[in-house]
Amino acid sequence: MIISLKKDVRKEEMNHLISWLESYGVRTHISEGEFQTIIGLIGDTTRIDTDLISGLDIVDNVTRISEPFKKANRKFHPEDTVIKIAEGVEIGGGHFQFIAGPCSVETESQMETVANAVKASGAGLLRGGAFKPRTSPYDFQGLHEEGIRLLLETKRRTGMPIVTEIMDIGHLPLFEDVDVIQVGARNTQNFELLKELGRINKPILLKRGIAGTIKELLMSAEYIMAGGNERVILCERGIRSYETYTRNTLDLSAVAVLHEMSHLPVIVDPSHATGVARYVKPMALAAAACGADGLMIEVHNDPPHARCDGPQSLTPEQFDDVAKSVLAVRCAIGGK
Amino acid sequence: MIISLKKDVRKEEMNHLISWLESYGVRTHISEGEFQTIIGLIGDTTRIDTDLISGLDIVDNVTRISEPFKKANRKFHPEDTVIKIAEGVEIGGGHFQFIAGPCSVETESQMETVANAVKASGAGLLRGGAFKPRTSPYDFQGLHEEGIRLLLETKRRTGMPIVTEIMDIGHLPLFEDVDVIQVGARNTQNFELLKELGRINKPILLKRGIAGTIKELLMSAEYIMAGGNERVILCERGIRSYETYTRNTLDLSAVAVLHEMSHLPVIVDPSHATGVARYVKPMALAAAACGADGLMIEVHNDPPHARCDGPQSLTPEQFDDVAKSVLAVRCAIGGK
Amino acid sequence: MIISLKKDVRKEEMNHLISWLESYGVRTHISEGEFQTIIGLIGDTTRIDTDLISGLDIVDNVTRISEPFKKANRKFHPEDTVIKIAEGVEIGGGHFQFIAGPCSVETESQMETVANAVKASGAGLLRGGAFKPRTSPYDFQGLHEEGIRLLLETKRRTGMPIVTEIMDIGHLPLFEDVDVIQVGARNTQNFELLKELGRINKPILLKRGIAGTIKELLMSAEYIMAGGNERVILCERGIRSYETYTRNTLDLSAVAVLHEMSHLPVIVDPSHATGVARYVKPMALAAAACGADGLMIEVHNDPPHARCDGPQSLTPEQFDDVAKSVLAVRCAIGGK
Amino acid sequence: MIISLKKDVRKEEMNHLISWLESYGVRTHISEGEFQTIIGLIGDTTRIDTDLISGLDIVDNVTRISEPFKKANRKFHPEDTVIKIAEGVEIGGGHFQFIAGPCSVETESQMETVANAVKASGAGLLRGGAFKPRTSPYDFQGLHEEGIRLLLETKRRTGMPIVTEIMDIGHLPLFEDVDVIQVGARNTQNFELLKELGRINKPILLKRGIAGTIKELLMSAEYIMAGGNERVILCERGIRSYETYTRNTLDLSAVAVLHEMSHLPVIVDPSHATGVARYVKPMALAAAACGADGLMIEVHNDPPHARCDGPQSLTPEQFDDVAKSVLAVRCAIGGK
């Protein structure tokens, strides 16, 4: 961490700051220039609050040199993390997974039809929403408990592990038999929820915030990991920009950046990112080409009558085509 | 709502869509052009899910003409809402309030010092965080229960009503004697929390999301109001943009837009928006000039040693100067 | 175009508007609802200025149903445009090209070394900047005339057609023997320049603006095409967002959207988008996977000593590796 | 400037970098930590290209401590710059000006009506566009030479100095009798144009880019000033964001930031920022309250029939009301 002081700071104020900084266990290194004095901090600065320092009257600005996350940081964990979800279903470190299924769980027959179809096309996990975060209180909010029950029933029949979204800590008991718990883009910084998920022993699929930075995503992963649960899957799902032709702007560079900065698996959700079914295939191929460890794709047996997000859902036939092309691209780039 | 169909849609498909739409109780109006057929929907379309329709194969695009919110909508409630918080402490409809206090509650003496000072300068409400949403799990997270206790103690001694942030439904019992419950920018779309707050009888201060749209803010207010609690105070606190000289970009136009679209009171938080104490005064004056119903300002008796957000906190003396200037501006624009 | 009128508009005002609209040669269709009256416009609305109408006192809002661009529009030109740049060098409609070379032209030997290397790796066009738009007036601005001379000399020796950026109409005479003229991201809306380029007979490589929308890019292409020059190559090069880990946010969805909306070739520049050499390969592969018609990649024989944009330049060896992998991906998706 | 090196950099590589840096006339200061070595640069780093250094293999990241602009920098010019436009018409350093007039010059009688009206309401300068940058090639592009002629005629009759936009260097001779030349938001980084304007002796009104940063605005001012023309007026006119209720997001914090960083006058254009006439007044008041040195406001004698930007134009009566309120606010904050 580098702290630049303002011009004409008095010696005693500077010494006061230095002794306070050293009380955090870091060493300081002073470099006095003609116009500016700079304090370099050496050691573990993770616990030093940048905001706090930059608020001081004598400080001009503060720059972090090292990242404020540790457990998610590849520097301290160079090997890719491989997360085992079920027998034969692993993700990360070369293991690629399709997570497919409808936006929201509607009926038993819908779930079974979709699950069997996507399984046949190579999907390793089944997704389906029981609790749906909707912008309007008047839109369909999901089947709740009944939705979870239908998911578990489908899991029992098809053998597919399931991924579903949690929206509140209070619902956690319902997720006991869920294989992967998803934290949605509106809850990426619901820190109380993250802390709670850090205490359980289950993989967490953590989506990037609606307008979240890469660093915020990693810090949210750190919240979960700091609690002891290190099985976090990161998910790029598009960020908010001024462009309106797609629902969000899919930031595929984030896949490359996240792989560099972190050892955690990184997947991509082209369905929510684009919001348009016909853009899902090109974006799924692009995600595979730049090294994503998996894809989360909405598939519905009857998109026009889906109760949620129909415009972005593929039919099982379309998913099958996407899956085949994705595997061809993975093969071309040397993936397994 | 206006639905444009794709070229060459078959008659029966169109009729199928029309009868489905009419099942929602709206009337339809067809207008067939050379290149495009358009269906106009007349009546209450609040419950019709735009996404669902735009997902249909035969639909080109869908445009909402009327807003999807009702209870927060000025069209259906032309008079300004005035929210009474305590005896003599009202906000909205010409009643202006300063909400001042430290970012986080630290000690009893801190709270009392700050509360007495800001009260003397004209603040009607005391703010202070007991639960702090911090990006890093390693930063100070607030005093929790003890923080609420200190706030209530300060309220008892000074008579000032208090505003403090909730981060999880589970903490609600602790907020029983709190006067105004704040929903922070990271929880603006924590819909389960909003629903719960819709069931209580207490004013809610709802902040705009980190990168939230004006419409999303109004829809989140609608979540609370749909549950029966119509006492919502909207708060503009800066939005995320590419500009980095300020922490966020304070969107003061939102004050004018919100006042036009909704009857709810609108306040501004220049402290979080700018993140820099020396920009708080100009932005507070600007907010007052464009008609804000109140200001939420961070004040700390010793900003350099604040445990959180020191860089943006004013001293009590600085706050006093801001308050005087704000009142002069309000007077100039004809405010009470 | 759909025009929603305000409530309680007087009949004569509405009729006045209608007759004015019809003077543009469009037909109108009135649909009067309980709360709102809507006017639908049928016919060619390209020349009707949306802003102008939405400014009228009686108008609530205006929505365009059809796009305001014609020549660039796939609706009126369903076949992919193939642009022939030189014998055997075509782009679009299945023809893919690498455009490679240094950010700025520096010396004759540099140009020849790089040109020979990238040609050997399969690049069809050589790029190099003679006029450099730099944020700071104190940074290197390019070799200007001498730069163009060196490019033409390299073209003569290697036979590679060249692409280089124009920054001002006044420089146009220098570009007479240039094969493709590039319009950079800061000039995408330099309309006087676009108009002038519409009058010449040479392919134009038009970059998306720094924070330009897809629609603005197409409208800028329309400026060139409206003048008679229909050989425009569109280029996605990253857009400005709040994310700071990459220089810009590469918006690959734009490739899919542009291919749908327009018949013009679409290429991607991963070098400027990411600003980081080690992210160029994953993004180049992603661009190829989602169907880009070409890639523009910065290659320098000695990146650490490049006079401009060194951090994002590949060495010739790295480019060779990227080119091979891109071709494998194109093969996997069935490209030629 | 602070340069952090990568881990395990070889001594000779570091020394090579250091000697190269010192060749720019700066002194270096090395600070070797356990994990990281840091080089501090002391002296004038304006001419050192950050990109170039951060591209080196051995460099991890580079941070500028001092700003890369000099002539526009308040550090080197602490007093406010006051720009004299005509006898009795000054701006900056406490001198406030209204710049008012129609978006585009249409007819002689229009110009005279508007000019006389806004002059009576206290406007010091008349604005009007002769060259209009329009997104669509099919929209009205301005009267060009005839527009300039009408402006000069109105200036002759009313005595008001005039402000009008330039779009291309080639048009410069037409601007000989124009008092202030405006550079629009699409040309803020048209560096060739800025360089040319740096060579003339006339105040330049420089608008912030469509999605420009504060730093870019200052660097563009620097382009003009580096050429010798130091009379630059900065103009905040809204930035692009994801919010769609207003055309742009007016960033009033920029007024406070620009005043702190630069000695140049800063004005605000609420008409283009909001795009909606009824939001112009609240935003004009807010701009005055936060210390803007002037306001640029579109006024048209018949907004519904304006050939451009009608929706955002005020009538002369509305402008008179705004001007009175703005002066009251300026009085309240102690302005002259």
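The first chain written gets the first letter, and so on, giving A, B, C and D; residue counts start at 1 in each chain.
One rule holds for everything that comes next: contacts are C-beta pairs under 8 Å (C-beta built on N, C-alpha and C of every residue); 3 or more make two chains touch, one makes a residue touch a chain.
Owing to the predicted nature of the structure, the values given are computational and were not obtained by experimental measurement.
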Interface sides of chain A and chain B: same vs different residues, half threshold: same
Chain located farthest away, centre of chain B as origin (C-alpha): C
Gap in Å, rounded to a whole number, between the CA centres of chain C and chain A: 31
CA centroid of chain C to CA centroid of chain D, Å: 26
Multi-chain contact sites of chain B, meaning residues that touch two or more partners: 211, 240-242, 244
Complex contact set, residues of chain B against chain A: 46-47, 49, 51-52, 54-57, 68-69, 131, 133-141, 167-170, 186-187, 189-193, 195, 209-211, 216, 219, 222-223, 226, 240, 275, 277, 303-304, 306-313
In the complex, chain B residues that touch chain C: 2, 4, 29, 31, 33-36, 38, 40, 42-43, 60-61, 63, 65-66, 211, 240-242, 244
Chain A - residues contacting chain C, complex: 211, 213-215, 239, 241-246, 249-257, 260, 273-274, 278-279, 282-283, 285-291, 325, 328-329, 331-333
